[in-house]
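After this come two complexes, each holding subunit A, first together with subunit B and then together with subunit C.
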Partner chain A sequence: MRYIRPHSMEDAVGQLAGSPGTAAILAGGSDLLVRMKGGFIEPDLIVDIKSIDGLGEIRETADGFSIGAAVSCALMGESAALKREWPGVVEAAKLIGSKQVQGRCTIVGNLCNASPAADSVPALVAAGARALIIGPGGRRTVAVEAVPTGPGKTSLAKGEIIEAILLDRRAPRSGDAYLRFIPRTEMDIAVVSAGVKLTLDEQGVVKSARVALGAVAPTVLLVEEAAEALIGRKLDEAALERLAKVCSGTCRPIDDKRGTVEFRRKVAGVLAGRAATTAYARAGGK
Partner chain B sequence: MNFDPRYSGRNFASVGTRPIRPDGVDKVTGRARYGADFNMTGQLVGRVLRSPHAHATIRKIDTSKAEKLNGVKAVITAADLPDLTDGDAALYDILDNCMARKKALYDGHAVAAVAAVDARTARQALKLIEVDYEVLPHVTDVDEAMKHSAPVLDDTIFTEGLEQKPVKSSNVTKRSQYGHGDIHEGFGRADFVVERSFKTEQTHQGYIEPHACVASVSSDGTADLWVCTQGHFVYRQHCAQLLGMEASKLRVTSSEIGGGFGGKTHVWAEPVALALSRKAGRPVKLVMTRDEVFRASGPTSATSIDVRIGARKDGTITAAEATLRYSCGPYAGMWAELGAMTAFACYRLENVRTVGYEVLVNRPKTAAYRAPSAPMAAFAVESAVDELAKEIGMDPVEFRIRNAAQEGTRSSYGPVYGPIGIGPTLEAAKNHPHMKAPLGKNQGRGMACGFWFNFGGQTCTDLNIGMDGSVSLAVGTVDVGGSRASLSLVAAEELGIAYEQVKAVVADTSSLGYNDMTDGSRGTFSSSMATISAARNAIKILRERAAQMWDVPVDDVVWENGHAIAKGEKYGNLAALSLKEIAAGSGKTGGPIAGHSELVADGAGVSFATHICDIEVDPETGATRVLRYTVVQDAGKAVHPTYVEGQYQGGAAQGIGWALNEEYVYGKDGRLQNPGFLDYRIPVCSDLPMIDTQILEIPNPNHPYGVRGVGETSIVPPLAAIANAVSNAAGVRMTHIPMSPPRILAAIEAEREWSK
Partner chain C sequence: MAGVAVSTTINGDNVEYLCQPDETLLDVLRDRLGLTGAKEGCGTGDCGACSIILDDRLVCSCLVLGAEAEGRRVETIEGMAHGDRLHPLQQKFLEHAALQCGVCTPGFLIAAKDLLAKNPDPTEEEIRFGLAGNLCRCTGYDKIVRAVQDAASVMKGA
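For the complex of A and B:
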């Protein structure tokens, strides 16, 4: 096993692209090290990206935010601007693992681990976040929901690294929220989760909406129909009921050690409704 | 030695105070040494290969490739642990559980082990061991295992305890029955009858410290074992027998213990580590991973219980019966029997009958877990009792008070009770402010009672007085809950000196006589009795030495407040001699001063508790929140009240986890799906409210200070108390533990459908 700590993105990409065996990227290590300790993987090459310039920073740009791949979730929680603009995303990031884990883990790692239950991913999808990818062929940008393709699988090609997550500046009268269901109060993994972003018009009518569900399908679900259930109306009881019904109907959960199909269907609707209510209030809706 | 264990009322100076524990600083600074903290020069890393199958015949094990791997120093299989059990079936089961002999009987069953120079080599070596399995049909559910169609784990098992020996072998190893009176007559007189069936899933003790040991076998046949255990003398005995050693040639030293709760009363890895060390000729350290702890150690029984209770309109129970089926893992046990004994122990019943069935399943060997078997029985009985009170229209506390056992009651398991605490705990609960606190929307209150026998047993203690007057106390019961502090208080009390003058240690097996393990809530009960006895023996010597120093008859010397006093007018001018002064002169008066004690601590007083809790249920998700929790329990006499409260809180916390979320989840393939703390959900700090406690002291007549064991009873009521609270909050009776959100939501939805 070889461990390297490159100082530039280009070097990291070159090393990854040129490695003959299995390679893994190390940022916070909160997934990678656990898997290695458990004996599930033994990569030939580990590329630690934490020393690459700028990767540990949250940058505010004219368009919004660029959250580097080595930014810990705890650091996101310390960014007043990010919290003000995207409270749902920050809340999701701050739900991962424990306090100690949050000091290490990153949202890019959370995304690339490609667990259907990843906490930050539905929140990012709802927020319309994009992933900035660098690879042997240069840079490209994709929607976050295009990254995971199945449990533990991503659309990244050999040698590609996600450099940052990009978030737009929040549009006026917009708000986001994320909720997950766990049987405990913390240090757990989502059984069902929902991220919602709403933009309202001046009368408080929903103008645009994004609803994302986690842990109810092999990948995060962006539920267009759920958005349609909300658009063009205020968030009244009828709208919430429709939202819940659509979410319960759209998800494709499984029975496993964490929950049953029936439970996940029902709770997906409940959480979507509750997240939408919070997002609506954050957008200034009454 | 004439030791009188009877209770004598007295005023205490040290007992009942709350000094800090002697092991506290080391534990919070990390200096304390737990099982995995011990290391030896040249030690090897031991690893165990485990069966991936729930049930399989082991056709052949080929270890040749592993043996050839560079860095591997020993590979063992069952062949290296020959059967020396000489017809002792229980010991044979322990042996077979340590290393499968003919069949792998559960996912995680050990089949081979290696010792290598490092962990990586050991892991690689495991991969090179080739095991040829013939996979057999398996059964993991207790009810399924009782069916005629179920695969039989052991075809030499014919149910014991039946009137006629069955013609067919089965998975039911034993039927047991308890009770008295005529239940048919009793039910005939009942105005109301409640009949319900309950299930509880298998849980693990969940100790944070995994099993760990270092074994070092010398070429002369002697050996040392450093290990995390609840009973190093018992480990010595089992290991010595399984390895064909004389017990005195094996010295076992117990480490600090990061939780045991009954799970560290049983050997798993220790005989394997010793066998590896014997073969390799080097020390071997063996530390289980969390995955191994869940798959191969611990768990409690999964159960299926039917209860029927009848009562008259006035609230008098006329008859009660229960049928209890407990899983034992793949080896015979007496788990259902303990459930059958404890089920109705809280009540005064004319007619009662309980029947227990011990059931073999393809799961790990069931081990004791804090008041083993009692919480599940109490869950079933106390749920039915609550429902019956509701049907009659009586307050659940009043209903229980009306039927509570008293001094002189013949218990449902046989003995007649002495002075007991069930009535007083119920009265205290009834008068507790918690009972009157208002409840909000979706909130429910529940209460329940619990019983545990408590045990005594063989105990040996040494008390040595140093020349500076300080006292070292060597005990043989492992300290799992603050007993070193409690026993120091007892020694200080008896000698009449300050707590700070006493230092208690847990001695190794070569330094002290045999002690039973710390189980059955016996640690402080029995070792305090032995400490009192040892102190009194030391006092006898102190008096003799003082008499010698004064040149007066020893009968004229008494011991009061840490001093020898010459009694009588004629000695009026003699100043009292302190323990310190007598100790300082001991070199000239006959040498060191010590008190020794060996005894069987009989008369452990039975223990009762009543718990109250408030739960909020989210009717849309089935999520629960424990809002408030109160434990009322009889301690006999709380030697160190803080650690008694700790035991009350700890039992309640574990019970809350068991009631709400903890369970072994098996796949269709018979493999454990959740062998880790992520998906085996013990409560985290934020899941629990501050657990309120109330200590009652109804003296145990069979202990000089009135002490009763306190460690286990606190886990008995929570399953039922929480089930009653959840049922009241959700408006639907919960009959399946754990009451995880999916189960609660399904019950609420079913109730909604039904009432449509």
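For the complex of A and C:
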């Protein structure tokens, strides 16, 4: 096993692409070290990306935000601008683990760990976030929902690294929110989760919507029918009922020790409605 | 496996060590440097017994590689008292009997120190949330919370 700490993205990509055995990217390490300890993975090469220039920064650009792959969730919670524009994304990131884990864990790691229950992913999908990927073939940008392909699996090719998560500037009269259900108050894995982003017109009618559900399918679901249930209407009781019905019907959950299929279906609808209500209020809807 | 040479700062002292690439900072502290204050409870970042402060961030040292400490600033429980003079948190943990077996205590003290550094006047709820990453199976937490509240008021008056 080798541990390296490259100072440039190009070097990191070259080392990953040229590694003959299994290679692992280390940012916060809150998933990687646990997997190594459990014997689930024994990488031949560990590439610590935290010394790469700019990767530990949240950059505000004219278009929005670029959150570097080494930005801890604790740092996201300290960014007043990010919290103001994307409160749902920050709330989701801040739900991952304890204070100790917050100091290390990253949203890129959360995305690449590819757990169906990852807290930050539904919020990012709802927000329309994109992943900026660098690899041996150069840079490309994909929608966040295109990264995880199943539990523990991603669409990233050998040598590719997600450099940053890109968020647009929040459009006028828009708001986002994320909620999850866990059986305790802190530090647990989502049994069901929902992220919602809404944009309203001047009358408070929903102009566009994105609804994402977590922990109810092998990957986070972007539920287009749920968005359609809201578009063109105010967020009244009838709209919320339709939203809940569509969400409950779309999810494909499993039975496990944390929740049954029936329970998850029901809660998916409830959480989507509550997240939509918060997002609506944040967008200025009444 | 080739060893990794690391140069870091621990409790204000420059420290150099060699470690294996997959060796955690917790194992380096305990087994190579003799700093056995940080404990291994779970080894998976759930219990907080191995809490340290790394560049002003509270982290679980079981989830940090020894190699990652290169060029960084590490604070452990061993740096909390000044000689024989206990930190107010340590003093109040004793006065309130906020420990029984003591395995979780170094982690609680470090986490509480980090909490009060960022929020000198926390509410009870903020203390309970702030220390939610530290597990204690003896005290039921009430005495710990009271000790932190008392230490906070002493430190504000200082």
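By our rule, the second predicted complex is superposed on the first by the 286 of 286 C-alpha atoms of A that agree within 3 Å, B and C clash if a C-alpha of one lies under 4 Å from a C-alpha of the other, contacts with A are read in each partner's own complex, and residues count from 1 in each chain.
What we mean here is this: a contact is a pair of C-beta atoms (placed from the backbone, for glycine too) under 8 Å apart; a residue touches a chain by one contact, two chains touch by 3 or more.
Everything quoted here is computed from the prediction, not taken from an experiment.
Of the two partner chains placed around the shared chain by superposition, subunit B is the only one that A:K257 touches, whereas subunit C remains out of contact.
Legend: residue contacts after superposition of the two complexes on their common chain; A:V270 is shown touching subunit B, with no touch to subunit C. When the two complexes are overlaid on their common chain A, residue A:G39 makes contact with subunit B while staying clear of subunit C.
Of the two partner chains placed around the shared chain by superposition, subunit B and subunit C are both touched by A:E186. By the document's definition of touching, of the two partners only subunit C reaches A:K99; subunit B does not.
Contacts of A:K286 after superposition on the shared chain: neither subunit B nor subunit C is touched.
Subunit A uses residues 38, 186-187 to touch subunit B in one structure and subunit C in the other.
Note for the complex: subunit B touches subunit A at residues 123, 291, 620-623, 660-661, 665, 673-674, 678-679, 681, 683-684, 686-687, 740-742, 745-746, 749. Subunit A makes touch with subunit B in their complex at residues 38-39, 181, 183-189, 191, 256-260, 262-263, 266-267, 270-271. The touching residues of subunit A, when paired with subunit C in their complex, are 1-3, 5, 26, 28-30, 33-34, 36-38, 46, 48, 50, 72, 74, 97-101, 103-104, 186-187. Considering their complex, residues 1-2, 4, 20-22, 24, 43-46, 48, 51, 54, 57-60, 62-65, 67-68, 70, 111, 114-115, 129-130, 132-134 of subunit C touch subunit A.
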